[in-house]
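There are two complexes below, and they share subunit A, which is joined by subunit B in the first and by subunit C in the second.
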Partner chain A sequence: MTNNVSTSTTGVKRRIVKDKMAYAFICIFAFLAMVPLFLILWEVVSKGYKNFNFRLFTEVAPSSMDAMFARVNGEPIPGGILNGITGTILIVGLAIFFTIPLGLYIGIYLSENSEKRFSKIISFLTDLLQGIPSIVIGIIAYAWVVKPLGSYSALAGSVALSIMMLPMIVRSTEETLKMLPRAYKEAGLALGSSYTNVVFRILLPSGFGGIFTGILLAISRVMGETAPLMLTALGASLVNWNIFEPTSSIPLLIWEFYNDPNLIDLIWSSSLLLLIVIFVLNWIAKIVARKWKI
Partner chain B sequence: MKDRIFKISLFAAAVVILLLTAGILYALVGKSLEVFNEYGVWGFVSNAEWDPRAATEEYGALSFIMGTIYTAFFALLLCIPFSLPVALFTGEYFKGKRIASIVSSIVDLLAGIPSIVYGLWGFYALRPVVIALGVNAQGFGVFLASIVLAVMIIPYASSLSSEFLSMVPNNLKEGAYSLGATRIEVIQKVSIPIAGSGIVASYILALGRALGETMAVTMLIGNTNNIPAGLRGTGNTMASVIANQFGEADGLKLSALIAIGLLLFIITAIINLIAKLIMKKLSAA
Partner chain C sequence: MKKAVLCLLIPMLLFSCGRLSSDKTKSGGVTISGAGATFPYPFYNIVFRDYMSLNDNIVVNYGAIGSGGGIRSLRDKSVDFGASDAFLTDRELESMNAPVIHIPTCMGGIVMAYTLSGVDSLRLTGSLISDIYLGNITRWNDYRIAAINPNVKLPDLEITPVYRSDGSGTTFNFSEYLCDVSPEWKKVMGMGKALKWDVGIAAKGNPGVAGIVQQTEGAIGYIGSEYSLTLGLPVAQLKNKAGNFVSASLESISAASKIQFPDDMRASIINVDNPDAYPMSIFTWLIVYQELNDGNHTEVQAQELVKLLSYIISPEGQQVAARINYAPLSEQAIEKTKALIGKITYNGEVLIPYTEDSTKTSLNTHLTTDTLYNER
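Our next item is the complex of A and B:
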């Protein structure tokens, strides 16, 4: 009898020990998963702060020769990444201009007609578009824009980024609008306002938080894209505002510097700037999402 | 009247998605035809020879398909021991607590880091470690690329699985607790079986991400046109060979690269479709 009881208590003990060990294991590995983020941030900040100065924003990328002479003389690298900053603004700005109205309209259509067969097809295709690897989107923009126009261009780059942003904006708009209480729409219609007015004066403003958050996240997602831009915007060593000309961007410059041993010091400050912008966008998105919660 | 125009324009916007997809398929298939006519689809896919020299020109995709499979699956395998604990931590142990939202937002930040910065980190911080471990002399290869890919897909795998874990009904878990089960037993016998297919779906989606990742892999895999000799070997993935060789390509080579893009598109589409189907079944049940 006593024997029996004692084995059962050791059994319970064993189970409790196992439970404790599993808990410790899960906590340790969950925290280990966060370590790479801090390692990457440390790498970028500690190597990037040196060249993170005023010139980074006011001068274009130096030529390989100038950089080499500066290195030989032990001076800091001359120049900055102004051409990349303006290029990113141009390419991403154009993509925003293309996708926001279109994405909003498609999102509204899907949320208002969710039962229709057609919108199920569109929904499915939107998911399909969202899954396309960015390099493949680069190929498509190359075939659609670069080939017919005969030149790499900011326009081609922004077409690529638009194809990436569009599904994200459609989805966030659709999901936000679906979460709005039906009463909003019914009340608007009952007061006699037109369907158009209900959408623009009631639904969109009430869903502002979710939609705006989705847009910000989409922007931050495409901001660091390199692969599709290599195939479309190509890069340029000067500031360019002509959408039909090859244009640089911050990630493209990082790629260029990485391939040029003389310019290598600039990769870290460029990465630092890119990370700061992306994290700030994410942070604003989070605040907006919390403040404007439906 | 105004409403009609508005409704028509909404519909027209939705049609754009249809046109976009059709246009994408048309562009990819149309430009791939040249290489498929030359070698046949199966001939192109099953040939491991990639030789762009003008005299002996020959193009086959097998090396890159194998390179993609090696890196993506090894990355998935490496990411599980980290992403599953994150999912359990945020979706089960500390569900709804402040610490869970802190951990999940920190892990989510990993998803915001651009691929090219991951590449730099892999090159400067991890490559020396890989060399010191004696994996191979240069550090480049499937092993290095997979480690970085694994880190990149952790947030995708963990945030979705944690959502599925937190959807497990409380009364089922409470029932198990009242029978005297410990927490890990509840996780093993109740939570994971119920959330299982959702967790699998999140890993399939993460795999889809890993298959298409370009810049980090391009910077780390070594860029050789051969089937990687295991984890220590170097190679190329479908995405990285496009990134590397698209710039100077024309004629048959350009068509071959676009055909690889088409294959990549089809593979990722199928993978995403499977994941979506699993999740749809879950939400319907």
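Our next item is the complex of A and C:
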């Protein structure tokens, strides 16, 4: 009897030790995974803060020569990335405008008709779309929009970004709506509300947290895209609000700075800005997800 | 449900239709857009901005998407002009479906930048560069390098050649030069925008090569001269066809362009005969369609495009090039280019007629590209 008890306690002890060891290992590896992230953050911040000033938001990208003279005189590089900031707002804004209704409708359809064969095909294609490399989507948007319109444009860029955002919004809408209790829908229908009303007035608002989080994550995913925009939006050296003309964006400017020996210093402050924006978007997504928990 | 869909779709359609018709003539202004080579991007960046400050109603956009991308965009008519570091071959010309015109805008050189402490001046020849990149010469104090650098104390150090990992017009011109001077290079490596390298380390873009060369003792790499002149890197003097050692400067690159050009300006200025010429000198071109009434341009746009081209080759435009270390075009090149711009038409009518400067065009122009220069 006593013998039995002692073996069971040693068994428990061994398990506790194993548990502790596994915990320690996981902590070590999680930390190791974070090390490069912090090194990147440190690099971007330490190199980017010098040019991270008011001008960055109020002036367009400088010319190569101004930057060269500033370098020779040891001054900070003049100018900012206003054309990139407004371009990113325009392109991403348009992409949001195109994608949200489409993504929501597809998501609702999938969650309401999950057993239909057609839905299965759509889900499969959505998953496939998620895996397509961004550059391929850029080429597709080039063929669909740039070639027919005969000009690189912000519109073409936003179409490319829309395609990239779509699967994420569809998935998050579908999953969130599927997680809602059946009782919500039944209660709404029992009160005599129409099906459309139930979906738009009850289901969508209840799932707001999850859907909104999905949208924010989709936005921050496409915010830093360069390759598809190179093939569609092309870039512009001035602020442009016309959606049918070439437009710049922050990642496009970073690529252009990289090609110019005089402007290389600006890469870091532009990257820092992009990093901050995406960090804030992710942060808001976290807060929203926590607050509107289903 | 239907209502909701309609409510969203109708404004979207109206919005897009309304904007479509307003296309490129926003507030009386004209937008000209181009895309292509990354090598002249700093020059175009400034010259277009200057042009915009002189002409309020004009916006010029340039996207540095690479020479290949520029040519493709022009073929698809999604830009008004393309830009390329390599002129179109006859086959590429046919694929453009309509005649195109090459407008040279400026010149540059490719330099061999190196880092060797205690060595301020270094001389190299094309065949030595070829041997270094082929791995036949691996140490700095190799007797073949020492033979042409009698007054330099070369260290007993391994050579680290640096090359471009990305497809690049610089690599194309670099390998074109080496094919010209080294039969072994031609056989082993050949010519191209991206090659299969056996020795050395890779770097991305001109800044990448410059960075690795600067940080690595004993490294050597090829970069655009505007980078080395701006960043102040030590570069090797190269032996040109006449046997002189010259360093890359605006003068020596300009000297390379003192050749007889074909009328269409599709010419290579690599390894020319001029005794003052820098051997690895290159042109960069803007490419436009000869007939601009293609359904995509209004007459005003066509006129503005031609004015922009004339501005780039005007003394003001060329001065900008010189100030940021690109070599300006020679007088003969500018005359020929003016004649080319004089061929650009709208509805068959010439936009800026070329007034011949009779003293300069009497030279022999019967030589074609193919007889003067090797097939590209």
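By our rule, the second predicted complex is superposed on the first by the 265 of 294 C-alpha atoms of A that agree within 3 Å, B and C clash if a C-alpha of one lies under 4 Å from a C-alpha of the other, contacts with A are read in each partner's own complex, and residues count from 1 in each chain.
To be clear about the criterion, contacts are C-beta pairs under 8 Å (C-beta built on N, C-alpha and C of every residue); 3 or more make two chains touch, one makes a residue touch a chain.
Since the structure is predicted, the reported quantities are computational estimates derived from the model, not experimental observations.
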Given the superposition on subunit A, are subunit B and subunit C in a clash or a fit?
-> clash
Thinking of the overlay built on chain A, is A:M230 touched by subunit B (first), by subunit C (second), by both, or by neither?
-> both
First (subunit B), second (subunit C), both or neither: which does A:Y258 touch?
-> both
With the two complexes superposed on chain A, say which partner A:Y105 touches: subunit B (first), subunit C (second), both, or neither.
-> both
Given the touch rule stated above, what does A:K18 touch, subunit B (first), subunit C (second), both, or neither?
-> first
If you stack the two complexes on chain A, which partner ends up touching A:S271: first (subunit B), second (subunit C), both, or neither?
-> first
For A:L191, is the partner it touches subunit B (first), subunit C (second), both, or none of the two (neither)?
-> neither
Report for A:I287: first if it touches subunit B alone, second if subunit C alone, otherwise both or neither.
-> neither
For A:E43, select first, second, both or neither according to whether it touches subunit B, subunit C, the two together, or no partner.
-> first
Subunit A: partner with more touched residues, subunit B or subunit C = B
The clashing stretch of subunit B against subunit C, among 20-28, 38-46, 218-226 or 272-280, is 218-226
Can you pull the subunit A residues that subunit B and subunit C both touch?
-> 105, 142, 195-196, 199, 230-231, 255, 258
Write out the stretch or stretches of subunit A touching subunit C in their complex.
-> 63-65, 68, 97-98, 101, 105, 142, 146-147, 149-152, 155, 195-196, 199-200, 230-231, 234-238, 240, 242-246, 252, 255-256, 258-262, 264
Please name which positions on subunit A make contact with subunit B in the complex.
-> 15-16, 18-19, 22-23, 25-34, 36-37, 39-40, 43-44, 102, 105-106, 108-110, 112, 118-119, 121-122, 125-136, 138-140, 142-144, 163, 166, 170, 194-196, 199, 220-221, 223-227, 230-231, 251, 254-255, 258, 267-268, 271, 274-275, 278-279, 282, 286
As the complex stands, subunit C meets subunit A at residues 1, 4-5, 8, 12, 16, 19-20, 22-24, 26, 31, 33, 35, 38, 41-43, 45-46, 48-49, 52, 59-65, 69, 73, 76-79, 205-207, 210, 226-227, 230-231, 296, 320, 323-324
How about subunit B: which of its residues touch subunit A in the complex?
-> 2-3, 6-7, 9-11, 13-14, 16-18, 20-21, 23-24, 27-28, 31, 81-83, 85-86, 88-90, 93, 103, 105-107, 109-110, 112-121, 123-125, 151, 154, 158, 182-185, 187, 208, 211-215, 218-219, 239, 242-243, 246-247, 257-258, 261, 264-265, 268-269, 271-273, 276
